[in-house]
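Following are the structures in question.
The same chain A turns up in both complexes below, where it pairs with chain B and then with chain C.
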Partner chain A sequence: MADDKDVLRDVWFGRIPTCFTLYQDEITEREAEPFYLLLPRVSYLTLVTDKVKKHFLKVMKAEDVEEMWFDFEGTSLKWHYPIGLLFDLHASNTALPWSITVHFKNFPERDLLHCPSNSVIEAHFMSSIKEADALKHKSQVINDMQKKDHKQLWMGLQNDKFDQFWAMNRKLMEYPTEEGGFRYIPFRIYLTMSDRPFIQKLFRPISTDGYTHTLGDLLKEVYPVAISNDDESKHYQVVIHGIEPLLETPLQWLSEHLSHPDNFLHISVIPTPSD
Partner chain B sequence: MSDNAESPTETQKDEPSTPQQPTEDSGTADDKKKIDVLLKAVGDTPIMKTKKWSVEKGRTVQSLSQFISRFLKMEANEQLFIYVNQSFSPSPDQEVGVLFECFGSDGKLVLHYCKSQAWG
Partner chain C sequence: MSSCFLDEETFCQCCQLFLQHSHSLCDGWSWEQVKGSEEGYLRKTALGTGRTRCNQDQQGTSSDQHQERTFSLSFHNDDDDEDDGAVCCIQEENSSSSVVQYEYHILYSCSYQTPVLYFRASTLEGRSLCLEEVWDSVHPNYRQRLQHRPWDTITQQEHPLLGQSFFVLHPCRTEEFMKPVLKAALEEHRQVNYIVTWLSVVGPVVGLDVPLSYCTQVPEPPHTPSSSPQPPSSSPQPPSSSPQPPSSSPQPPSSSPQPPSSSPQPPSSSPQPPSSSPQPPALGTKPG
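== the complex of A and B ==
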């Protein structure tokens, strides 16, 4: 049985082999070769693709280059969603490497937020952590931390430093023993076929009569469609970090071990591929 | 986000807020439902004459932010920061309905707004 701490490392070091290809209509001075990169599941596209930008800028004129953005099979990829979530949601059951198209023009204002600098990513990341702690601890833990501690969380993510990150993040994973868990679990459930971006609600990890809620309990409460089967087959896959955790897994454990660095459980519900 | 979106409607101060929706959450995403938002100014940011607004659940933070900026006649280059719980800044594409569900109290969502970063 894997040690729980090994799970934290496995989650942090998850990678997705990706092939970046320049959009055919971009204006280049000579042919652009595709660029291959291993993307960290737990990071954000605009934080880890400087090399991609440099590679394609070599064959382009400055005047033909605006803000870089990405799409996968026509779907604009939101940089403010973790990379692993984008993959699980849109490309789970496609062949590797993940083929992403790179654009430098016609930024899709309706679909994507702008990302002019890393400080925008940092602000977004820290806001997510604060929102998560508002749910877990009424913001008490994050507010008790100093500014330099907050900075350490960000630097840990930015520089891919597991130990540096977790030295601080472990505080956000603690809870009063008598409570048995966090106040509410920070989670978001993403659906491929839906108008709304995601489901997020208040949900306790431990019920008032001490019952430990599972992943299955959460889904039954907020999105029962995900776990309805007929006898023949499972219609949907419930995916976190590229795996389908057992529905019996305690939600508190999932929150402590399978959350993203932003302290949220990002859960994808995708249709089971028909063979 | 769309400028065609309907402006939030003002709630009458002395009347009860929008008709009571059933308290049981049916789980359906009905964008016609509205939630009550209370806007509070931070620091020396101008105070809105009308603070209570009835906003569609599906409205985004960015859309609401644009509405406040226009209402306060802010310059195009001026930024507006929105905070929930006086602690975090929601993503511009976040729906107010979700924020209300998770962080609403006493039947309303309190949002603080500021021209400069208040809670970093």
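== the complex of A and C ==
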């Protein structure tokens, strides 16, 4: 079990080296230098980029500055997705550092949610946790927690405090022994080659006759394309936190150890690079 | 059994029955299917009124601060008594009543096993309304309810099928208002179409009215008898903390007769109607 706890730490402390460059059409008083930052995989862009904003505001006039937003190679980045998910989905097979373009104008209203303050991030984060618990425990565990416990989950994330977070989160990872696992697994499978942003369905970790479902079972059921292959070459990579877990991995274990702090398993299915 | 939850198949059936009546009224609802799947949603566009800012200048740092103030009031109440949480609908001197184009989508949430109302709003010039303007557009009669119940609130979310920004009425309290209605209908042997009932409660909050004829003209889906006993250990329960009465006693048709559709069905279940969404596997029957 010591190994399993290490996994929790490795997930929490994952970082992505990132280079932020100001979009060339932004109006500046002098040249803007790029800004480098190590981004936590498990956090959210708007939560950890105050320094980025401050850096670029130094060379801009207030009237040229509206809500900050980001793009990577022309794709606007959804702040409400965990950073690690955005990277795995859009940039896994590109060279580091991850090059993100910073914008202060022309906010893409249709595609991005507004994020005027940290309260919005908190609300979104807590909403995901509640939804995950609705799936895992019929909301019983989250509803039994007090408001201060909910706050502790958020503060743990916001302040990068692993122990504070997990002191509370472990309750959300428990289940009655006789059940063998959660009621349903909170997961989302993100697709790059589709209009649809993700697939989310009801899926049990343990079948009624006690069979332990694996990652492969999940994919076969809800997105078989992901594990299709011709001539022994894989078309797609199935990535969680930057790694490709074996398809034989039990889903219950993945849910307990590789979920994001919002208690969801965020799974990217990306085309295998051709070289 | 008066279940206040809805499985996906029943959702689709309720929607189809809803649509039949809608077509007779020509009131603009349609069914949008997701490419390559049985999933879909109801959609309608409509012109309505809303409060929007007159000047085009709704961008800029001052607006950010504005919205920041709104949000900090609406969400920081988690520390305090719920009643203290007040969403501040900023009374703008330069906002006025204007014509707003609304687009409504009714989707199914498998996490909450309820329908969810998504919508977006724009001015006739095509400018999307911001959350503040949407709040301001909510009829004063409903504002108090939204202010004091943060989880009834309207937030901006990503549309799960289209990936675009929409506003959403949070679904996690649906059970609270659906349960008594469904229970009463059951006791009085009345037919209830879940979508009609649900929409008539949440719709008006965001400018969507449901004509009365829906309540009298739209039936509930045919009750698919699943009277065969369910295996006890995996007894399918909707995600609800209240105990469910046993399903073996003779029941008049209820509006959501099916337990969550991912639970294993005994082989003697009736065949599913053609419009059903694909069933997740009979998970219990996988080889061990």
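In this section, the second predicted complex is superposed on the first by the 272 of 275 C-alpha atoms of A that agree within 3 Å, B and C clash if a C-alpha of one lies under 4 Å from a C-alpha of the other, contacts with A are read in each partner's own complex, and residues count from 1 in each chain.
One rule holds for everything that comes next: a residue touches a chain if its C-beta (ideal position, glycine included) is under 8 Å from a C-beta of that chain, and two chains touch if they have at least 3 such contacts.
Being a predicted model, the structure only gives us computed values, none of them experimental.
K.L.:
In the superposed model on chain A, is it clash or fit for chain B and chain C?
P.N.:
Clash.
K.L.:
Which partner does A:K53 contact after superposing on A: first (chain B), second (chain C), both, neither?
P.N.:
Touch partners of A:K53: none, neither chain B nor chain C.
K.L.:
Classify the contacts of A:K161 with the two partner chains as first (chain B alone), second (chain C alone), both, or neither.
P.N.:
It touches nothing on chain B or chain C.
K.L.:
Counting touched residues of chain A, say whether chain B or chain C comes out ahead.
P.N.:
Ranking chain B and chain C by residues of chain A touched puts C first.
K.L.:
Using the touch definition from the top, say if A:R9 reaches chain B (first), chain C (second), both or neither.
P.N.:
After superposition on chain A, A:R9 lies in contact with neither partner.
K.L.:
Is A:A134 in contact with chain B, with chain C, with both, or with neither (first, second, both, neither)?
P.N.:
Both partners, chain B and chain C.
K.L.:
Given 206-214, 224-232, 242-250 or 260-268, which part of chain C has C-alpha atoms clashing with chain B after the fit on chain A?
P.N.:
For chain C, the listed stretch overlapping chain B after superposition is 206-214.
K.L.:
Just to be sure I follow: which residues of chain A are touched by chain B in one complex and then by chain C in the other one?
P.N.:
Touching chain B in the first complex and chain C in the second, residues 80, 110, 113, 123-124, 127, 130-131, 134-135, 139, 143, 147, 184, 195-198, 200-202, 222 of chain A appear in both lists.
K.L.:
In the complex formed with chain A, which residues of chain B make contact?
P.N.:
Those in contact with chain A are residues 1, 25, 27, 29, 58, 84-85, 87-93, 95, 98, 101-103, 120.
K.L.:
Looking at the complex, which residues from chain A come into contact with chain B?
P.N.:
Residue positions touching the partner: 80, 110, 113, 123-124, 126-128, 130-131, 134-135, 139, 142-143, 147, 184, 194-198, 200-202, 222-223.
K.L.:
Touching chain C in the complex: which residues of chain A?
P.N.:
Against chain C, chain A makes touches at 62-63, 65-67, 78, 80, 107, 109-114, 116-117, 119-120, 122-124, 127, 130-131, 134-135, 138-140, 143, 147, 150-151, 183-184, 186, 195-198, 200-204, 207-211, 213, 217, 221-222.
K.L.:
Could you pull out which chain C residues touch chain A in their complex?
P.N.:
Interface residues on the chain C side: 34-35, 59-61, 63-64, 67-68, 70-72, 74-76, 78-79, 110-112, 128, 130-131, 155-158, 160-165, 170, 172, 231, 233-234, 237, 239-241, 260-262, 264, 280-281, 283-288.
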